[in-house]
Amino acid sequence: MAKVLMKGNEAFGEGAIRAGCRFYFGYPITPQSELAHFLAKRMPEVGGTFLQAESELASINMVFGAAGAGARAMTSSSGPGISLMQEGISFIACAELPCVIVNIMRGGPGLGNIAPVQSDYFQATRGGGHGDYRLIVLAPSSVQEIIDLIREAFDLAEKYLNPVLMLGDGLLGQMMEPMELNEEKNFFIPPRPWAASGRMGGPKRIINTLYIVPEEAEKHNLKLNQKYKKIEANEQRWENYQTEGAQLVLVAFGTAARICMGVVDYCRDQGLPVGLIRPITLWPFPVKAFDSILSLDTVHYFLSVEMSTGQMIEDVRLAVNGRRPVFFYGRYGGMLPVLTDVVKEVKKLLLEEEP
Amino acid sequence: MFKKVFARTKALEDVPFHFCPGCTHGIIHRLIAEAIEELNIFEQTIGVCPVGCAVFAYNYFACDIFQAAHGRAPAVATGIKRALPDRVVFTYQGDGDLAAIGMGEIIHAAARGEKISVFFINNSVYGMTGGQMAPTTLPGQITATTPYGRDREINGNPIKVCEMLSVIEGTAYVARVSVHNPASIIKAKKAIKKAFQVQLRGLGFALVEILSTCPTNWGLSPAEALNWLAENLIAYYPLGDFKIPKEEAKNV
Amino acid sequence: MHEKKLTIFVGNLGSGKTEIALNFALFLVKQGYPTTIVDLDIINPYFRTRMVRHVLEHMGLKVICPRGELANADLPSLPPAIQGVLEDTFDYGVFDVGGDEIGATILGRYKAFLLKNSYALYYVINQCRPFTRDKASIVKNIHFIEKSARLKITGLVSNTNLGWATDVQTIFKGHEVVKTVAAELDLPVAFLSVRRDLMLQVRRKLNEDIFLLPLEIFMQPPWYYGIIDPLLKIPQNAKEIPS
Amino acid sequence: MFESVLLAGFGGQGILSAGQLLAYAGTLAGKHVTWVPSYGAEMRGGTANCGVTISSRPISSPIVSEPEALMAMNRPSLEKFEQSVVSNGLIVVNSSLVNCKIARKDVQVMYISANKLAEELGNNKVAVNIVLGALIFLTQIVSLELAIESLGKVFPPRHQKLIALNQRALKAGAQFFDHLAKEKAG
């Protein structure tokens, strides 16, 4: 198939349509508005529904309604809007409904700015809202990967009856890359016996998140937790880039990972033994990647490179579990790590730190 | 031979209500269920219940049903109706749910002319959380959070939901009814049925505000509460149709 | 002490109404009176009679409170059986009402019934609580509660305490304030309640003729469950104050 | 071999579209391509810039922080990015809007009065594609033919007139230095 040149935000939209999503509810916010613009045009072409809600509170609850009624639904926003959605996301996770939420991160806290950051990592990977729940979090790092992963996002949501969050940043949403479109027709939406879609002669279905008796709420929490354990065991995804023989392994996702790939290329050209682990699932965090790389015994250090003051590093440390030192390099508030600065940091570690 | 003159509606489950004795939620549940049965729409109806005293409505209505976050029922109903346009979707919301935290959702669902039926239960007080001030609490009315009576200077003015929504273009039918005596209950039933019919005919957004009692938080016996409703609530919130479908308006 | 068939306890938040109501009801049971306790607390989400329903029933008390999942709900949901207690001419009824004038509002709906029956409406005072430190503020609160309950208080209960940190001095100091309130409003002090382990000391020092109600403490925070007897004896380390 | 280009100017000059045109041409050539815009407060009215990388290898970082070629459409963007260009790199300057000379000695600098040439073509707005044509000619990052073909991707078919005009602009820019080279040679 011929390649097309697409913006990241557009790829989220086209990918969703090719994954069989026919319901989008959202509210504009920079830097993800192109996703809404794209779907406003595209949804009517495929007989789908695009609805601009009055707020993020409403859009996530429209997703709750549509998903509970059996539809494949999604919404998207950026940090401040995702914060407003947390109540609804918690409800959807509790009610075990499938849906996809896209967060194109922007600078924060507060109103912040519209520059690319990765500072919603904690919010995304720790559930985000109230209560004990998790979202499956996918972090693409190229436009091609956006369109490939969003289909997987819908399938995972369906498989585990759990919301899936796709975490990108402003740069990933705004940049253009050529990519190959996947086949449109072979998405599969399984039957939904749990959907409250009108009894139509069948049994009564209730979409509910109220468990007023603590004993029952504990049981439901346990059920959710068992599901999360299964996801942790089965769904860790990552990419190893030049990790063979690497003494220093960078850890980065999304845009930061793209920059780090450049760093690795540059360092390898200079004969420096540097590699990269790029987590693709942020939750479940790819602990297995670290176990397998540490078994090789060549690695001396890890360096977590993030567009935040250090959030993913906590998961890196948990995964490394004291077996090697973990260092941090980050830029914040919408500033991007520059290739040469990361290289400087790498050289400093390789030359100055005792292994 | 005996002739059966009264039977339980199949749109309600055969379980006891949790509502306090004398609370009119039970009557309203029953009226909605009867309307669903009489219009023969039970199999395709999907309800959305609120947070508030009616939070357990999903245990009572026998149709498919959602339990929504506080105030978000109109957004949830929008999602359902857009996904399944041939189903009948209704929300059941109290005054805190609809007129305070969920004001944004209800106004925009109305403005979009969302084809849903909204039943708005107004008893001028927060029942669930212990009798605090509602957006519809009357001036001077004592509640847990207005111990000296609602003062307009401090707490502002009550919101008249029907009057407000009737000027929005997307609404097709807006009416206020009460359930304080048999005559008003018959009228309420008619309005509820009409709200479903407006949806079935695809005319747009329909809302019925139902004045209701809360003997427990008003501190009145059930009989006194009905009188208080008639004397005070109706005086402030006049009953009647605020908007009827255009085609009917022509005939009048 | 028990000439009235219905006894209703009201008071400010944290005054000890629930403990008083439970102990008073159990006292009636021990005297051989068939007694029902009604949990009318729609205010407080925790520390309600319904939490210890099984223990109370084991001790011979009838308990009326929302059943099943509703017991955990923060909804009023008054059981219709309450009406039965009001109309019963044989059983004794003890009502545990929620705190402050907000909790007392609920009595308004039963006013018609209460007027027909003989009842005692007791206002419980813990002088150690912030809104009831002195005579003036106690009198003010009594008026608030009478207004929202639409009923007149018929007696006071002297229940000054600091939880596990209570000592005899605290009790007497509080009781003196309660007596001044009683004098001002011309109300009797129905009884003085004292934690069972302090009874002997109080009785020794007391030089007035007043009924002493010994208290077992039922409303325990969960971390006490491990160190006390299921039938709620005084904890070993009674110095520790549960927050 | 040029791979990374930074296009910079002020909002409204068509910088982002010119970058897209270049990216499309790279895609048609079967190369690996990335296009990254600047945005933020700069998006409206201030300086606008975008980085385009075209390579036969997979592109690791899409961010063009040290461009091999810079296309400066006005003075503020030249001042902002002049120092970021790699040693032995290329800077193409729109001399219609930049009235100073560049101090750096380690880069090749080419001046083209694009707005004047655009006016000669009848539309001031195509200045950006005149400079782009020049840049393509000087760097050979893609072929001019593919850039011309890509115009059909950037403009909808109903804008046939604009496509033709921009085609002339690209060619004019390329020919400007072609003639200059031939004059020097001749």
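Lettered A, B, C and D in written order, each chain numbered from 1.
The definition used in the following text is that contacts are C-beta pairs under 8 Å (C-beta built on N, C-alpha and C of every residue); 3 or more make two chains touch, one makes a residue touch a chain.
Keep in mind it's a predicted model, so treat the numbers as computed, not measured.
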Interface with more contacting C-beta pairs, comparing B-C to A-B: A-B
Chain at the geometric heart of the assembly (C-alpha centres): A
Between subunit A and subunit B, centroid-to-centroid distance (C-alpha), Å: 40
Subunit A and subunit D: spacing of chain centres that average the CA atoms, whole Å: 35
Rounded Å distance between subunit B and subunit D, as computed from the means of their C-alpha atoms: 63
Shared-contact residues (touching 2 or more other chains) in subunit B: 55-56
Subunit C: positions in contact with at least two other chains: 70, 73
Residues of subunit D touching at least two other chains: none
Residue ranges of subunit B in contact with subunit A within the complex: 42-46, 48, 55-56, 58, 62-69, 72, 75-84, 87-88, 104-105, 107-108
Complex contacts: residues of subunit D adjacent to subunit A: 20, 23-24, 26-27, 32-37, 39-40, 60-63, 65-66, 153
For the subunit B and subunit C complex, residues of the former touching the latter: 18-22, 53, 55-56, 127-131, 142, 144, 147, 215-222, 224-225
Touching residues on subunit A, where the partner in the complex is subunit D: 3-5, 31, 113-115, 170-171, 174-178, 258-265, 334, 336, 338-340
Residue ranges of subunit A in contact with subunit B within the complex: 23, 25, 49, 51, 53-55, 57-59, 61-71, 73, 87-88, 91, 196-201, 204-210
